[in-house]
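Labels run A, B, C and D following the written order; every chain starts at residue 1.
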Amino acid sequence: MNVSLILLILLLGALATFLSGDKFASKVALFFSLVALGCSSVLVNHFLGGVDINVNNPWILQPHVSFALKADGLSLAMVLLTVSLTPLIILTGFGNHFEKSKNFYALVLFMAFAMTGTFLAADGLLYYIFWELALIPIYFIALIWGNGDADERKKAVVKFFIYTLGGSLFMLIAFAYLYINAGSFLLEDLYKLNLTATEQTWIFFAFFLAYAIKIPIIPFHTWQAKVYQKAPTIGTMLLSGIMLKMGLYSVIRWQLPIAPLAAKMYMPTLIGLSIAGVIYGSIVALRQKDLKKLLAYSSLAHVGLIAAGCYTLTADGLSGAVSQMIAHGFVIVGLFFAAEVIFRRFGTYKIEDLGGIRPQASKFTSMFMILVLASVALPGTFNFVGEFTVLYSLSQVNIWFAIFGGTTIILGAYYMLKMFQNVMLGETNTKVFADVTINETIVFVILIAFLLFYGLYPKPIVDLVNPSITEILKTINR
Amino acid sequence: MITLIAITALGVFCLIAEIFNLRKALVPVTVLGLLGILGSTLNLYSLGELSSDYNTMIFADNYAKTYSSLFILLTVFLVAMSHDVYKEHQTKISDYVAIKVFLLAGAVAMVSFANLSMYFLGIETLSIALYTLAGSSRLDIKSNEAGMKYFLMGSFASGFILFGICLIYGTFGTFDLKEISEFSGALDKAIWFSIGVSLITIGMLFKIAAVPFHFWAPDVYEGSPSLVTATMSTLAKVVAFAALYKLLAAMNLFPTIQFQNIIVTVSILSMTVGNIMALRQENVKRMLAFSGISHAGFMLMTVLSIANAASNLCYYTYAYALAGMAAFAVIIAVTKNKDNENISHFNGLGRSNPLLAAVLTAALLSMAGIPIFAGFFAKFNLFTQTIQAGYLVVVIAGVINSIISVGYYFKLILAMYTKETQETTQNIPFVYYAVGVISILINLVIGMHPNVITDLLN
Amino acid sequence: MDNILNQIGIENYIFLSILLFCIGVFGVLYRRNAIIVFMSIEIMLNAVNLLFVAFSTYHQDPKGQVFVFFSMTVAAAEVAVGLAILVSVFRNIGSVDISNLKNLKG
Amino acid sequence: MDNSLVLLLLLTPFVGFLFNVFLGKKAGKGISGALGTLAVVVSFAMSVYFFMQLNASGKPIAIKLLDWIQIGNLKVDFGILLDQLSLLWLLFVTGIGSLIHLYSISYMHDDENMHKFFAYLNLFVFFMITLVVGSNLLVMFIGWEGVGLCSYLLIGFWHKNQEYNDAAKKAFIMNRIGDLGFLIGIFILASLFSTLNFVEMKQALSAGNTNTALYSIAALCLFIGATGKSAQLPLYTWLPDAMAGPTPVSALIHAATMVTAGIFMITRMNFLFDVTPEVQNIIAIVGAITALVAASIGLFQNDIKKVLAYSTVSQLGLMFLALGLGAYNVAVFHVITHAFFKACLFLGSGSVIHALHGEQDMRKMGGLRKAMPITFATMLISTLAIAGIFPFAGFWSKDEILMVAFEHNKGLWIMGSIASIMTAFYMFRLMYLTFFRDFRGTEEQKHHLHESPSLITWPLIILAALATFGGLINLPGSNWLNHFLEPILARKHEEHALGSQEYMLMGIALTGAIIGIGWAYSKYIKEGFVPKQDSEIVGFSKTIYHKYYVDEFYMSLILKPLNALSNFFRTTLEPALGNIVYGLGTVANGLGNQGKKVQTGSIGLYLFAFVIGVLALVSYLFLGQ
């Protein structure tokens, strides 16, 4: 039993969903995603038990590419994030009606497949292939099932696609260059490379372009808000919950260890840029009029902090970043789902049209409130653990980084509470707001339970991740 | 060699079939015949037979066999589609098919020549066949114009090629490629030789439609009947490239810095001009013509590392030609009874005919170089090789162009998936599905196992 | 034969051919009547044929002359096709002026 | 045994919270309120139990529940520390908490969301206990943020009113500003000591005193945290607005317990502040100025709860003054007495507001003495206590603060004394306007005037009693509290022998208080002065009435620019950045359009380009050679 099984299940699931017909598509997809989750949990157990679950088969001889999947703690944590969010995301779709839902859910599963592959791949080209593959389903999901004006949507989605593809192509060149030097794409061979500082700088920034667009780090973020707004909420969840973690994960897995000299050289600049993203995202979020866009900018701010954590090159920073990635994944999915729940009832994301929901839906209000609080990293939620660790690591680098990064706890509270106030509170809305259904409740409760449980007891995740981070740091400091 | 003879024989059969009124059987028999030839060509690999030398006219090495297989495969697709395309011209179908088969003969000659005269005959056979085909829609002014333009410019270019051959002959006194290769390996070469090679190269740059010799391509592609455009865009372009590569590899001219600069410039120009011009095109065939120009720019990169890029070029041509064939199968099917090939005809195809839309999408993705389609590995190998040869500038230009190219490929995809159709769906014959799906499947397979192709050459 | 070449020098043959070739090229560029353009192309080809023969003599090698036959055949075939296309163009637009062929552009 | 009892102490309010959230509505108002109150009472009982135990043994109880965060070599666990300080706090938090819960059963009886109210109150008590009993800074921080959250929830309890929601939001965000300081302080301490445990930090600090600069920064950061939570300059403006919440909330959170968290924290970290005298100076000065400024604003307020709110800020300022002077025990003493009389005052004002159906403007009150005798009596006692009249609790504690100030710095003493005089004035102004002369409200209100039910009056009576006798715990001479707190203070506090100087100071303070009272008496009883309508206030008093325009100042200095910046980013910069990317596309498209013009369709041109290409190529290749 090895990790390729997860990929296989997800791929088969996509196929089965496609073949199952529109009526059962969502259920089949849910089933397969749950199987994948189960399988991943078993594999994590194997991993913790010391069983070898890696795969390494030769694939292409010329150029020398292997089908190599390596599961260390970091990868498994990200895989778990993917496979546990996927069923939830699919479940959120139960309240929507999608035309041609078999295509839709097949694409969702396919995307999960590609993202899982990205997290597991230990061969540069394989990784790149998965990385690109993940882009195609989300492109179609956003394009075909998105909302809002078709022309604007098209513009936004195409921009997103071209932009991210463009960034990744530079990464591809970097891989080509690395391959020429190493004669292999295998991660371990790339780690062993001894490149000069100049070479590393080039490679570092080629990678950076790809990741900065994907994560996104300002000023490469301009695709984000529009796409989040225009994509169907499931797509937005996939994008914000999992896909942007691909970029952050890749920073840790590929960019830093392959070009450590450059990483060290440019560390202050990059942290500064990331933190500028935190502040910028927060400030832009303040006056957003669209709920989804506001959440998009909040996401920009949060990932900025995560990226800053990654670029500290310290064990604390990396481990905090990973925790925060997972926490952010859960919380942002929840928040977007809350937006979707509102949209289902009121048909709008415009904040000024909302308000006065709390008197009508106390259950929803409570759950939304908890998610909002988690997103502003209230102690006791997993987000706090992540944010605290990241900020702590930043303070070790330079206290000013921590202070400026820390403004997120003020500004974040400001825009989130303001949003909450305008969306939920106030005089009872004239339109009827039915409280959450069972399906919706299940999703919320699982998300919240996760956030609270790991907020109080983050040890399992941290213990899973930390050994691999130590390994990566060893490589960085080789 | 047997390949060439068999193909010619098959062409003659087509003509005879008309006489004996075997029109119904024509297409199936030709397809079967071509498949048989394909089988025998592939079989030559297993026999390990390297050469069958007819007075050193033909040299059937792996290079020739690999490309010949591709050409035959493409012709099978083209002929298969002919049946439906020429349904209303039953009396002429044998002519059309015969010309295609002869065209294939010319193509095979162009990759398996061992003598410049064979090369010249090949290129002329191919070209004359294409002139005819381009103008084959007699009553259509656009087709006339396309034929005329292609003919005038093509024969003009032939003049340059001929002059080039002449100068090479004048330098060494031989047409034999092997001898020329040996002579040209010597350090001091007469300037006439270099000029000759340059002129041949120019002629071939015209054939592959590289900037600044590309102007004919969009007009001719647009004006010709779609099936002919498919031939030009897949078969003719690939053939010209294979021949150019083979020639340049033999001529040992490459080490001069100036020549490299020329190739770099032409390559970057072709990519850029092709892509930028393609952005604003409304006609799909015209758009693909410009896309073909940019692909020519990409393929020119192989010339920069000519000593060992054969397999990469071969892989690229397979990827490009198969994707192009799939795309054209859909385009022909969709625009069959339309006046033009505007993108608007593709509106809503994703809804009205998901399979065709999927095939076209896949084809475009492959051309754009998205993994797992073959186009990705094609580009990647190209980039790797070119970086290795030290031409980072070209690669960066290539990357930027890949980004631009997504813009227009996706214009078509967007039209298929987001626009509403105004047109009623029509019955689309099975053959288009077959051609499209098979081409894309082969594209996918070689995308996931690139070694299938690259091994053929080694 | 050997003598003549020695007396005149192969370079002069080359220059003559180039000159002829350039005349052809200019003809193609300058003239708008399709027939005359054809003829100019023929001049280009024949210039090359001349050079082939000269080289053949220079190298004392018959292959060049054989090639001229190929080339003439090909040229004939080409012109046949070209004229056929020209006829159909003439039928459709009633003119053989190539500057009228501007429908395909952009 | 102890473990489970500690958990009982900690978790009962949380259980109460869960019960009220999930079952409160079904259970009905009575049960919901009763169980909510019971939960806190249980905690109180446990606190008493542990207090007895500690008194007997003198040994603090430290418990580690489970590991929490591990960052590098910094390990943080969920640890509980029950020592003198935390138990003292627990006693009055849960004690006063119980009374206020009891009070709320009646006060909130008409509210449809009463179960939620109790849920939030229980949650608050839970977090407050967490804050107090945490054995390290991070657990304290959980409580710290948690009480902030509950404060947010309770201020905005009547969530249909967006102004209240604004107030709630403001409170949360102002607190968060402080919290950032707190966090930064934690970071510095964590990197210095590799631990956040109080006991371990104390040991580490006494072992080696190396990096005083960093200590100072850390201490300053912690103090910034305290200014947020305890409403000191410059972050105090949220507290008056927080009066939007129901009155029991104001009593519990914004007077007695939560706002004293800053004092608790600084007392907890006294070992750190002791080695950073410059920060102590800052604390003392900030405290004194806050006391003075808040008191001066209190002079002119007409909202009964706002007066109390500013008085709270002012009293907290006095406590910080004491902290800054190193007199932690004195500050704690004042915290406790203040909790008694301020809770009583708030609850009393709540009783008044209750009787007047929500009227809070003192200009529309008056003459309530007869209708509400118990409320009046208890409030009078508390007012005397806060004014510092002998022998009420406030006299003793406030007097000690002033005494300490006098010893250290006469300037601070003067500021504190003036603040006290003002306090006496505005508190009696409040009393006179509310309870004396004639009723100024509507006729209908007058008809319904009544004394509040016993569930309201009993807590008042108990608190008034405590306000009267609370001073006993630290009477000069016996100094029980000082001795009790000794183990947790790093530096020994020297005893005040009651000499002539001390008696003189007491006399001055008392005189000052009486002057304040007399001033108020002459103005509001003798002259029968009623404050003017808002529009008629002019001059300097207008400035003070509008709280020195601090809110407006913050608004125009921070909030408005921030929002303007946000608007600028949203409407200008974002599209501009986006257009850079689009711009590349536009350029490419434009080039394409231009290129289309080149492709004219003319064969002549094409051939010309061909020939030019040939010439260029050949000449480049061969002419150079």
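The definition used in the following text is that a contact is a pair of C-beta atoms (placed from the backbone, for glycine too) under 8 Å apart; a residue touches a chain by one contact, two chains touch by 3 or more.
Being a predicted model, the structure only gives us computed values, none of them experimental.
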item: Most central chain, judged by mean C-alpha position against the global CA mean; value: A
item: Chain at maximum distance from subunit D, centres defined as averaged CA atoms; value: C
item: Selected pair, greater C-beta contact count between A-B and B-C; value: B-C
item: Centre-of-Cα separation between subunit C and subunit B, whole angstrom; value: 27
item: Between subunit B and subunit A, distance of the C-alpha-averaged centres to the nearest whole Å; value: 43
item: Separation of subunit B from subunit D, taking each centre as the mean of its C-alpha atoms, in whole Å; value: 78
item: Inter-chain centre distance, subunit A versus subunit D - centres from mean C-alpha coordinates, in Å; value: 37
item: Multi-chain contact residues (two or more partners), subunit C; value: 25, 28, 98, 101, 103-106
item: Set of subunit A residues in contact with two or more other chains; value: 162
item: Multi-chain contact residues (two or more partners), subunit B; value: 148-149, 152, 156, 218-219, 407
item: Chains that touch, pairwise; value: A-B, A-D, B-C, B-D, C-D
item: Residues of subunit A that touch subunit B when the two form their complex; value: 60-63, 125, 128-129, 132-133, 135-136, 140, 143-144, 150, 153-154, 158, 161-162, 165-166, 169-170, 172-173, 176-177, 179-180
item: Subunit D residues touching subunit C - in the complex, by the definition given at the top; value: 596, 599-604, 607-608, 611
item: Complex contact set, residues of subunit B against subunit D; value: 148-149, 152-153, 156-157, 160, 191, 194-195, 198-199, 202, 206, 212-213, 215-216, 218-219, 256, 258-259, 261-262, 273, 275-280, 404, 407
item: Interface residues, subunit D side, partner subunit A - complex; value: 21, 66-72, 74, 78, 138, 141-142, 144-146, 149, 152, 156, 159-160, 162, 165-166, 169, 172-173, 176-177, 179-180, 183-184, 187-188, 190-191, 217, 562-563, 565-567, 569-570, 574, 577-578, 580-582, 585
item: Of subunit C, residues touching subunit B in the complex; value: 10, 14, 17, 21, 24-25, 28, 34, 37, 41, 44-45, 47-48, 51-52, 54-55, 58-59, 61, 63-64, 66-67, 70-71, 74, 77-78, 81-82, 84-86, 88-89, 92-93, 98, 101, 103-106
